[in-house]
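Please find one structure pasted underneath; my questions will follow.
A, B, C, D, E and F label the chains in the order they appear, each numbered from 1.
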Amino acid sequence: MMHQMIKLLDRVVGFKQAQAHCDIPCKIYDPSGALLAALSCVRMIDLIHEVGDGMSLSVSDVAKISRLVREKEKTCNDVKDEVRIIWGDYFKSAQFEQVEGMHAMVHDIMVQASKCKQGIDRADSEALVEKINLFAEAFWLTKGVSTYRAPCPYPPALETVYPDLMS
Amino acid sequence: MMHQMIKLLDRVVGFKQAQAHCDIPCKIYDPSGALLAALSCVRMIDLIHEVGDGMSLSVSDVAKISRLVREKEKTCNDVKDEVRIIWGDYFKSAQFEQVEGMHAMVHDIMVQASKCKQGIDRADSEALVEKINLFAEAFWLTKGVSTYRAPCPYPPALETVYPDLMS
Amino acid sequence: MMHQMIKLLDRVVGFKQAQAHCDIPCKIYDPSGALLAALSCVRMIDLIHEVGDGMSLSVSDVAKISRLVREKEKTCNDVKDEVRIIWGDYFKSAQFEQVEGMHAMVHDIMVQASKCKQGIDRADSEALVEKINLFAEAFWLTKGVSTYRAPCPYPPALETVYPDLMS
Amino acid sequence: MMHQMIKLLDRVVGFKQAQAHCDIPCKIYDPSGALLAALSCVRMIDLIHEVGDGMSLSVSDVAKISRLVREKEKTCNDVKDEVRIIWGDYFKSAQFEQVEGMHAMVHDIMVQASKCKQGIDRADSEALVEKINLFAEAFWLTKGVSTYRAPCPYPPALETVYPDLMS
Amino acid sequence: MMHQMIKLLDRVVGFKQAQAHCDIPCKIYDPSGALLAALSCVRMIDLIHEVGDGMSLSVSDVAKISRLVREKEKTCNDVKDEVRIIWGDYFKSAQFEQVEGMHAMVHDIMVQASKCKQGIDRADSEALVEKINLFAEAFWLTKGVSTYRAPCPYPPALETVYPDLMS
Amino acid sequence: MMHQMIKLLDRVVGFKQAQAHCDIPCKIYDPSGALLAALSCVRMIDLIHEVGDGMSLSVSDVAKISRLVREKEKTCNDVKDEVRIIWGDYFKSAQFEQVEGMHAMVHDIMVQASKCKQGIDRADSEALVEKINLFAEAFWLTKGVSTYRAPCPYPPALETVYPDLMS
């Protein structure tokens, strides 16, 4: 998908001025919130697995799992809300032309976030992070801001997309 | 109780114009939200029972139960809020005259919703649905709108009260 | 769009069994919440216009508008949440095949709900109700449940889609 | 109403042991939250009146009123929630026998709290405080705890019911 | 710490008029909400321990623990919010001069409340109540209101700080 | 303050291993949420000023201001929550040694965020952003991650602190 985007990027001319009047109303959109939530989801799943080893669970274990699950639910809901807001409020026809398949990408994120709510499979949450990475790259592409990938500076230290604002 | 209501219905004259000035402020009241919440409570209890069979529970099982319990709590709180709003904001003396024992009915719903929060007995949640059915029938009676009962078109497929708006 | 759907309906065979395994996890989905929220948005806009006549506003007027705006915001957010949940959790490839253009329909609802948040134009909120009506018809079509339209039994008495569960 | 209660108090024998098994599930109920919310409602109304003098309102004035109204809404909702919880979860038949007319008293509080949401009349909020005072006295009566009235130690310095726990 | 405070109290002159202009904006601050939340946290931990005895836990047990943990989380968050608001909005330089070490006291409460979220050790929650007791005494000292300690009139019947408003 | 920090940075030895055991429990802390909220607060204030010019305000103007104020309240509350969590959960004695005056810095942020809630002075919100910038620099310093400042890639385009993760 990123390959397609990069090709699109080469073709797009003058999209910077286009964005000026479709950013209304508040003009602050940032996928960092969705990314942070997705990374937190991975952490919650890791911490859930740290509690128990499949043996008999104590009251204290169950209490721990309960609160971790609660936080996991919240992280997934946050992912959904953050992505829905950017997609629903920021993406207009100009952006949809720049990024193919955005509707399906967003729906796919909703499905993946639900999977992460329903289970505790770490691979599901890693997939969620990567889907949000791609979403973030698509978003910054429409803004004309280049991005880079680096491990986030805290656990789970997964590769995360950041805007390159220094250059 | 419904029998009493139907008898009341026959006695009531001109209550349609009475309702006109007690519907203030927003005039939209609808027990469908409370019913949906009560039906969802039944579903959560069903899904909780599907997780485990009384044998030793795994971390994954506990995680599932935790999130189902969280949703169950929410459904019961929603039932309480929806019923409290209709009772507190819509029911005025004119409506209390039409439906006997409304205060006790509402208190009884609060008690039943608490029972559903405290345990996972399906019978408790079925009783909650039926109490909300009766509440919905009482509500629509004060509105002069006839109702019918049909299984809701999704699990748990329990008999649910709907306003008859077609005739 | 409804015309297309009805044509689709004729073509679809056996979708009732198809729905059995895509309703997971909770299987209760109902667009009535979104509809109620959209109708409430119309009401809030009506009540806002009732407060003032364009003349100088008093402290009391401003206080009234403030709380009505707050409720309007809530109704629009509820519309977005309810629709996003049904779209994200219930709609799978089987449903997308039954209803063309669902992604665009949902995005369009988000845009319309934002419009209703940003302003107080009654026409915008009426358009929102109709978009949710179409969404509800699409939803019930995938469920194999027929629908009818009737004025909602309270202000704003706009034409609203209901499932026909009596027949 | 308090007079009736005091008469009741004289008649009640042994209600302390009665309360032992109706306090389930959490046994912590305290009307101080409802009182604090009602007093805060009075304050919000006072602060709203401080903003404007009926003359033309500036953007800054409107911004101030908006946030005060938002807090006022919250205080009224808190009153409703706190009272509903004590009434719905704590009051059982034993308590209803001790305090006559509790259902009507609670409904009346809901109506009064709605009035305070709808307008900015200080008398309405003062009436709300007094209704919660009576509710608090009724509550502590069922607990066998005596109460006293004193001005709350902050604005609006209105007479407030406190349990007498020193003696 | 209380000893220091009492010494401070003797030294402080004229702090009543000082408080008049630092109470802005709303002037209602009351540590009773934080205390109630801390006491509720103790209760939740007690109820969690009542569920299980370390033996194999049933689905129903896990469901009960889940909802008690959810409430425990809420009580701890409420403690943090209530204390943060009083510290952040009410405490100004005048109050900081009256009570030494307030910053550290508040940070310590945050740490303790987190401990109570993370585990189910009753001693942790008892320590939280005592820390809030000291905070309440510090608060009332800055208000020039004397306090007393009495067991709260419901479980867990722990010593709790109340303002003495009768004298 | 940053000067002091940089001096501190030179003196600190081996703080990377120190952070390993004070990051518990979730280890994901990131001031980007607080920064985004503070920047959004500036935007809300800008948008509020765009609505009116001091002339007579229409119903539509008041409606717009109301919702912008509501969002402004939320951004300030988010700032407070995000900062409180990092300070309360992440900062332990090791971090306090690295950054002098952290308690006062956090309290000062609470006060500044309250100012931004109470009024619509742009300078207040700019000051809030800078205070969070300093907080973010202090935070990343304790993590051993270097930072840079760049205008945020959307309005209000104010200088914002970002971690430098590329090098």
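Operating definition for what follows: contacts are C-beta pairs under 8 Å (C-beta built on N, C-alpha and C of every residue); 3 or more make two chains touch, one makes a residue touch a chain.
It should be emphasised that the depicted structure is a prediction, and the values quoted were computed from it without experimental measurement.
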According to the touch definition, list the chains common to the neighbour sets of subunit A and subunit E. B, F
When the CA atoms of subunit C are placed over those of subunit F, what is the turn angle between 0 and 180 degrees, to the nearest 5? 120
Please pick, from A-C, A-E or B-D, the pair whose interface repeats that of A-B, with more than half of the contact pairs identical by residue number. A-E
With chain centres defined as C-alpha means, what is the inter-centre distance between subunit C and subunit D in Å? 37
Rounded Å distance, subunit B centre to subunit F centre (Cα mean): 45
Averaging C-alpha coordinates per chain, one finds the centres of subunit D and subunit E separated by a number of Å equal to 22
Which residue numbers or ranges of subunit C touch two or more of the other chains? 25, 56-57, 62, 66, 70, 118
If two chains touch, include that pair; go through all of them. A-B, A-C, A-E, A-F, B-C, B-D, B-E, C-D, C-F, D-E, D-F, E-F
Which subunit A residues qualify as touching subunit B in the complex? 48-49, 51-52, 54, 56-57, 61-62, 65-66, 68-70, 72-73, 117-120
Within their complex, subunit F touches subunit C through residues 56-60, 62-64, 66-67, 70
Using the touch definition from the top, list the residues of subunit A that touch subunit C in their complex. 25, 80, 84, 87-89, 91, 103-104, 107, 110-111, 113-114, 118
In the complex, subunit A touches subunit F at residues 23, 25-30, 32-33, 36, 39-40, 43-44, 47, 71, 143, 145, 148, 150-155, 162-166
